Every structure is written in C-alpha cells, then in structure tokens.
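See the structures that follow.
In the two assemblies presented below, subunit A is common to both, partnered first by subunit B and then by subunit C.
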Partner chain A sequence: MAGSSEREIQRAELQWGAVMAGAVGVLLAIVVVGSAAATLHPPSNVERVDPASLHVSGEFVDGNLGSTQNLDGSVTVRFIATQFSFVPRCLEVPADTPVVMRTTSPDVIHALLVTGTNTDTMIVPGYVSEVKTRFAAPGDYRMPCTEFCGPGHADMWSVVRVVPRAEWKPDADDKVRCEITNQ
Partner chain B sequence: MALKQPIAPSGLPLDDAELSPELKRALATVPRGAFAVCGVAVALLFIAWLIMYFGVFLQRGPVS
Partner chain C sequence: MWVAFGVFGLAAILGAWQMWVRSPIPAPFASPDTYYASVTAHGTLMAYVLTTLFAMGFGYYVAVSALDRPLPGLRYAWIAFWMAVVGVAMAAVTVLLGKASVLYTFYPPLTGSAFYYIGLVLVVVASWVWVAIMLIAMRGWKRGNPGKPVPLAMFGTVANAILWGWTTVGVAAELLFQVIPAALGWTDTIDVGLSRTLFSWTLHAIVYFWLLPAYIAFYTMVPQAAGSRLYSDLMGRVSFILFLVYSLPVGMHHLLMDPEHGSGFKFLQSALTGLVTVPTLLTIFTITASLEIAGRLRGGTGLFGWVAKLPWREPMVLATGLSFFMLGFGGFGGIVNMSYGMNAMIHNTAWVTAHFHLIFGGAVVIMYFAIAYAIWPRLTGHEAANLRQVRLQLWLWTIGIVIVTFPWHMLGLQGQPRRVESFDYSDPLIAGWAPWVVVSMIGGFIMLASALLFIWNLATLFRGAPSTQPTRYAMAVHPPRRLPPVLNGFGMWNVVVLVLMLVAYGYPIAQFFIYGSNQALVQRLD
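So, the complex of A and B:
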C-alpha cells in the first residue's frame, strides 16, 4: 500500500486519542476547580414542610414573607410559589451580599429561574427549596416560573430587585418588601 | 486494526503500481491533513467552551 504504513496510522490515531483525552481532562479539571472555587453546584436541600398549613403556621406565613437580614449579614428572602403567582411578587435584596432564597409550593410543582444569573431551582410541594447566591449588579431581574404549572403559567413571574447595599433597609418588622411598577 | 487495500472503481484491490505519482505523494502524508482538520475543529470548540464557561457561566454568579 502506498503512503503511511499501518503502524504509522495506528500511532497517529493513538496520539490523537491522547490529545482528546487530555482536552477532556483539562475541561473536567476546570469544571471541578471552578465549581469549588466559585461555589457553583446545583442547589440541594432536603427539608420537609406541610403544604396544607403554609398559610397558617410556620416559616411561610404571610407576615414572614419577604427579605430579612440575618445575624451574619446575609439576607434570607422567603416567598411562596403558587398557581399562578410568586408571593410576594417583588423580592428586594442588596447587591454583593450572600442571599438565601427559600421557597415552597402549596399546590403543584413550580420552578424558578432568575434571568441573567445561575439561580435556578425546582419548587416541589412538601419540600423547601433553598438556593444560596449573590447578585453582583443592582437592577431588576425577571424571575419566571419555568415549570408548566397550569393555564396561568405564562403569567407567573416576579422580579428580584437588587439594590445597592446602602439603599437596602429593613422596615420596623425587619422585613424588606417592594412593589413592581411599570412592568 | 487491519487496514484494507484501497479499492479501484473496478472493485479490485488497487495496486501501488496503479496509483498516480500525485496520489502517492498525497497519501504519503495522510495523517497530517487529518490532524490539521481535527486540530482546528477541536481547538475552535475548546476555545468556544472556555469563552462560554469563563465569559458567561462564571459571570452569572455563584449558586449552591
């Protein structure tokens, strides 16, 4: 046969295989190191809650919804995902501050995605979904429901309002709430 | 991996003697061309992945 011998071609294939294995190894290493260094991994929280009594007792009663500051300086924002709205609909958090988002559903499975960020989780009745994140830039971030939950699904969205840290001030009951205007 | 003899349009094995000098010259460096094409394609994919990971994904903030 003319040209490269069978042995040369086999060697070339092995060399290419090594190059590809190296490339995949580098990508995996970047993902592992990047995820550890930047705290990037899928939210994982197994916590039960009674979906039938959310509105009468416990963490998700109406008066406890909204944003509140924790002793360590982080902010916890609590809200409910229900057909077909997030309650409250506007969530105000400070910029460049650790934020813990806690939510659950009294009816069907929902999900959320804060557009322009990696914040994304399912919301399952009977469980509390918890997402830890940090918003770098102030602004209004749309937060739609991303799991089809019924005929009003398309209208189910809210806004995460990120304000400069100095402008974020809890009111008398230690909560921060906001209103959606011009949306 | 066993390589088969090139096959002529007639269906018979193509003998070295039947190859033109130009074809012999091209076949003598077969892996280099393949490496060039594969290398460019993979390099572009690799660069695109790095741009998406560092330029988009990491910029969207931490989540856990």
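So, the complex of A and C:
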C-alpha cells in the first residue's frame, strides 16, 4: 500500500474514482456510438390505438394481417398478439430485406423475441409496437411470447419463416401468407 | 428475522421445484396453474417479504447497537411488525390458493384477488413505520451529540430508509389508484402504460434497497471481522449518498422495449443507470483496501500474497469474498441489460433471470446470511458452537448459484424466454437447450440444500459459550472528527432526488394525462 496518511488515502480514493468514472464513460460512449452509427434504437414509436376496436376497423382488421410487399422493396408484417396465440401464427419474410413488424394486443400485455436475433419488443394494449429489422439467414425462427399473459402463456408462439429472396412470391395484392405444417 | 427466513425457506423450495418443472424431467404437481402460482409466491416472498423484513430487523438492530440508545417508538415497531405478519399471511395464502397468479410484478390488466394486493400494502405501510423510526432515531442521536458524525452503520441504514420511502411511491400509486380498485371491481379498465411506468419507478430502486444492508455490512462489519480498519469512512458516506441519488431516476431501463415511451427518456435513464455503477466500484476498492490492511497485518506480502493470509475462516470474510465474486459476474450481465442498444438481445430471456439471481440471490443474500450469523450471538446470548457448518452453507450457496446462473446466461443468449412453465424439447429449434436446463436445475437443488442448512444452523448452532461482547462496528483508519452537514444528513440530497425524479419521470408520467390513453379491459384471474 502506498501509504496511509489521511491525505494519501483520499488521493488513492480519488484516483480510483477517476479511473472508474473513465471506465463507465467509455462504456456509455460505446452505447452512444453504437446506437447512433448502427441505429440500434429500441422500439419507441409511441403510437396509440384503441384495443377494443382492433377487430372492427383500422390497420389490424383480419384481411390486413400477414406480410405485405411495399413499393420501396421493404416488407411490412402485421399481426395481433392475443391470449394465447399470435395471429397469424406463421409470418413469412424474404431474407436480407428491410422488415417492419407492426403488432398490438386487444387484451393483456404480451412480448416477442425472435429466437436467435435481437428482434424484440413489448406489446402493450393501447399501443402499436413497431420493430425495424432484417433477417440475414433463411430458415424457421421460433417466436415465443416472452411476457407472462395468463395460464396459456407457454403455448403462445409462432414462427418467422425467412425465405431466400428468389422464393418470395407476393400475390396480386402484394401479400404473402404461410402455414405451420409440421405441428 | 425468523419470519423473513421462514418465508425464505418456503420460497427456496418453490424455486427449486420451478426449475424442475421447466426442465425436460417430469415434475410432480406440474401444471400451468401451479407453476405460475409458485412463481408468484417465490417472487413475492423473496423480493418483497424476505428483503423488507430483513431490512427492518437489521435497521432496528443497528439503531440500537450503533447509536447505543434505546429504540424510539418501540411500541409502534411491534405494531408494524404484526401488521406486516398479517399482510404476509394474507398475500401468501391468496397466492398459494391460486387466486392471484399474476407474478410478483402484477402485470395489469391481469388482476388477482384484492387480498393479495392489500396484504402487500400492509407490508409496505409497516415498512413506512420503520422508515419513520429510523429518521427519529438518527435525529435523537444528533441532538444528544451535536456536531459529531453519525456512525457510518446508522448513516447507511438511514440512507436506505429514505431510499425506500422514495422507492415505494411508484408501486403504492399503482396499487392504490389502479390495481386495487380494479381488483375490488370498482373499475373495469386500466391504463397499462401508466401502470408500467409507475411500477418502473419502484422496480429498480427496490433492488438497491435489497442491496444496501449488504453494503452496510461491507463497510462496518467486514473490516472488523477481518481484524482490520475501514480504509475510508468518507467513501462509505459518499457511496450511500450516490446510491440514494442514482438508484431512483433509472427505472425506465426496464421499459426499453416498451412502446409507450419515446427514445429520449429511455436514453436518459439508461445513461443515468451507468452512473449507479460508480458507488459499487468505489465500494469494491475501499473494502478491498481494508482487507489488504488486514492481510498485511497478518504477514502477507507481495502484490497478492495478502489475500491468502486473510482470515477466511471468519464467515463474514468468507461471505464477502464469495459475494464479490458473484457481484463481478452479475454486474457484467447487468451492464448488458441496461444498455440502450444491447438490451434487445436478451430482454425477457433467461439472461435477465441469471443477472438478478446472481446479484440478489448471490451477492446480496449471502451477506444477509453473514449478517444473521454475526448478530445471532447477540440476539440469543450464545456464540456458535462451531463454524464449519456455517462455512459449508456459504460455499454450497455460491456453488449452487453459479451452477444455476451460468447455464441461464447461455440459454438467454440463445433466446430462451423467462417466465415460461414448460418447453417442447422435441422441437428441433430448442432441443439443444434441454441439457443446460437440467444442469441449472441441479444447481437449484444445491441452493435449496444450502437454504435449509442455513435455517438449521440458526436454529441449532448458537448454543456455545455465552456471548458477552457488545456489537462493535469497524473503526476507520482515520475516524472523521467533524463533517460538513451534507455528509452527515440527507436534507439536501432529498432535494436532489426530487429534482432528478421530476426531470426523469415528470414528462413520462404526465404524458398519460396530457394525451390520454386507450384503456385496457381488466381481466380477472381469481
């Protein structure tokens, strides 16, 4: 130990404090640079919607759910999270393409995580959750509900099916739907 | 204390059983209803009851022993204790009957029986009596000792009491104005965005309320147990103040993935969370320096030679070493959680469960054990007959928690969600998780063995030589003689907290009243 007079102790503590403040500063800088440069923003669109009338009118009526090819080449996926299923259960998107997921809940709180990716959001009744993402590798990704929503919570999951761009074939209305066949 | 550790034992049994249910091995009594009732009971008893009753009991003990004065308002303390016991019984029975399987974080618009919430309110009101008694005790001591520094143990205890007062405001508002009216059937809709925001006010500060008793032990009991002195009393005070100031305006990092808040306030609170690591890092330095003094006094030399010379046979010293080990890994996981960008990868996964079980179950609760072992001789009047069983219990706990949480970290990175009662391991997408779930379950049973041994130790070991020594807290290398008022009281710091909370939570709460919001229908589970 360098010394133990009162002043030496205070100096040692201050030096340590400065080193730690620097370390925390570096960590925060990484987060700031990461979110600015790689646009790593959590979903924060603050968009209100009435959970009682989802089925009746607006964006989340039944015929408008599923994947839609947009004019700019991106794909929008709309679905509802409800006790105890995502509707529709199978969501198909092309690989390596900008994807916007839009979802909301008519009943209680849900959440989703596309397993193996950082596509993640809470789903709170009264708000539309929007996640911008992109899936690099084709394949089936399991998407469970990740927030407790009642006794059937464990059975609530769906599949994100990422297909190679060449196999992505929207219909005349620019829509794509898929089925889960193996279960 | 006995009530706290009694519910701890019960909740430990439930915790081990839950890990069994989630594993591929068939468990008895397994069903979604029993699982979620059990998760609710485990969280409620561990996070609310064990911690609050422990903090209250330890606070009363410090007030009497560190200030060397009788406890003011002893009668009210007993009334509060029995109020808490009634509240715990109400809440626990309701949950175990399956009438409130909403998990301990409530999740409105899901709503359980009103008895559950009212039971918890009774516990919180009892703890407010404790807060008042702590403040009155410190004021009384200051009046009798004008100009003298408040003993560090009491300073930390009062910091925690004030922190707890601030912390409970959010959850109390949520329960009293939103959840209980719904549970009683007076209202049939709930503003879920508002309830989540109010709960986040409480949700992070509460973990520092759990943590501070461990830090009070680090600063005031550990150096004494090691035969040393505290390296710096000043840093203890600064750390307690920083905890009070920075643990409150940060709760929205639990809402990073929520749609009801914009990115600005999420970013602000995420960044403020970074600052709350500072008092922990200061503490690690000061306590390590205090232990180094002990190691060198005992003949340790070289850069690390003093570590081997420490009195590891002392439970308090052993627990501190193990606690720092768990705190290191848990803290690393926490920095990922609070990161504005990285959180998306692990939000709602087993990674988060691993983080808080390491920090709270590991680093903090092991210090609760050590504190209990240290003060039990004073309470029972007898020293422990032997310390071997005590050390065994502390080691088992640490080994158990490492085996539980290291697989959880890996599973979390692979996307295993938390709060799920069963998995279909025949699905090839998740079949690879199964072996690790079994490994962590084994850790759960090791922890259960340690928990039961802890209770057994408290009940049977303290029959040795009569204990005659008074409680002694660690002296600083240079005990403070005079302190500026800002380091000897909390008046100014309360103003700082108020300002920070207005900045951090003012608009995020006000927005629900400015713009209105679409309410969700209450859904009853009882």
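The working rule: the second predicted complex is superposed on the first by the 155 of 183 C-alpha atoms of A that agree within 3 Å, B and C clash if a C-alpha of one lies under 4 Å from a C-alpha of the other, contacts with A are read in each partner's own complex, and residues count from 1 in each chain.
The working rule: a residue touches a chain if its C-beta (ideal position, glycine included) is under 8 Å from a C-beta of that chain, and two chains touch if they have at least 3 such contacts.
In this text, all values refer to a predicted model and were calculated from it rather than measured experimentally.
In the superposition on chain A, contact of A:A136 is made with subunit B only, not with subunit C. Of the two partner chains, subunit C is the only one touched by A:A21; subunit B is not. In the superposed model, A:P125 makes contact with subunit C only, not with subunit B.
For subunit A, the partner that touches more of its residues is C, with subunit B and subunit C as the two candidates. Of the two partner chains, subunit C is the only one that A:A154 touches; subunit B does not reach it.
When the two complexes are overlaid on their common chain A, residue A:E167 makes contact with neither subunit B nor subunit C.
Touch criterion met: A:A52 reaches subunit C, while subunit B stays clear of it. Once chain A of one complex is fitted onto chain A of the other, the partner contacts of A:P144 are limited to subunit C, with no touch recorded for subunit B.
Judged by the touch definition given at the top, the superposed model places A:E8 against subunit B, while subunit C stays out of reach.
Of the residues of subunit A, those at positions 1, 4, 6, 9-10, 12-13, 16, 20, 23, 27, 31, 34, 38, 40-43, 116-120 touch subunit B in one of the two structures and subunit C in the other. Listing the residues of subunit B that touch subunit A in their complex gives 1-3, 5-6, 16, 19, 23-24, 26-31, 34-35, 38-39, 42, 46, 49-50, 53, 57-58, 60-64. By the touch criterion given at the top, residues 1, 4, 6, 9-10, 12-13, 16-17, 20-21, 23-24, 27-28, 31, 34-35, 38, 40-52, 107-109, 111, 113-130, 140-142, 144-154, 183 of subunit A touch subunit C in their complex.
Within the complex, the subunit C residues that touch subunit A are 32-33, 36, 101-103, 107, 109-110, 191-193, 196, 231-232, 234-235, 255-263, 266-267, 270-271, 274-275, 277-278, 281-282, 285-286, 289, 292-293, 296, 335, 339-345, 347-349, 414-415, 417-423, 427, 429-430, 477-478, 515, 517-521, 523, 525.
The part of subunit A that touches subunit B in the complex is made up of residues 1-4, 6, 8-10, 12-13, 16, 19-20, 23, 27, 30-31, 34, 38-43, 116-120, 131-136.
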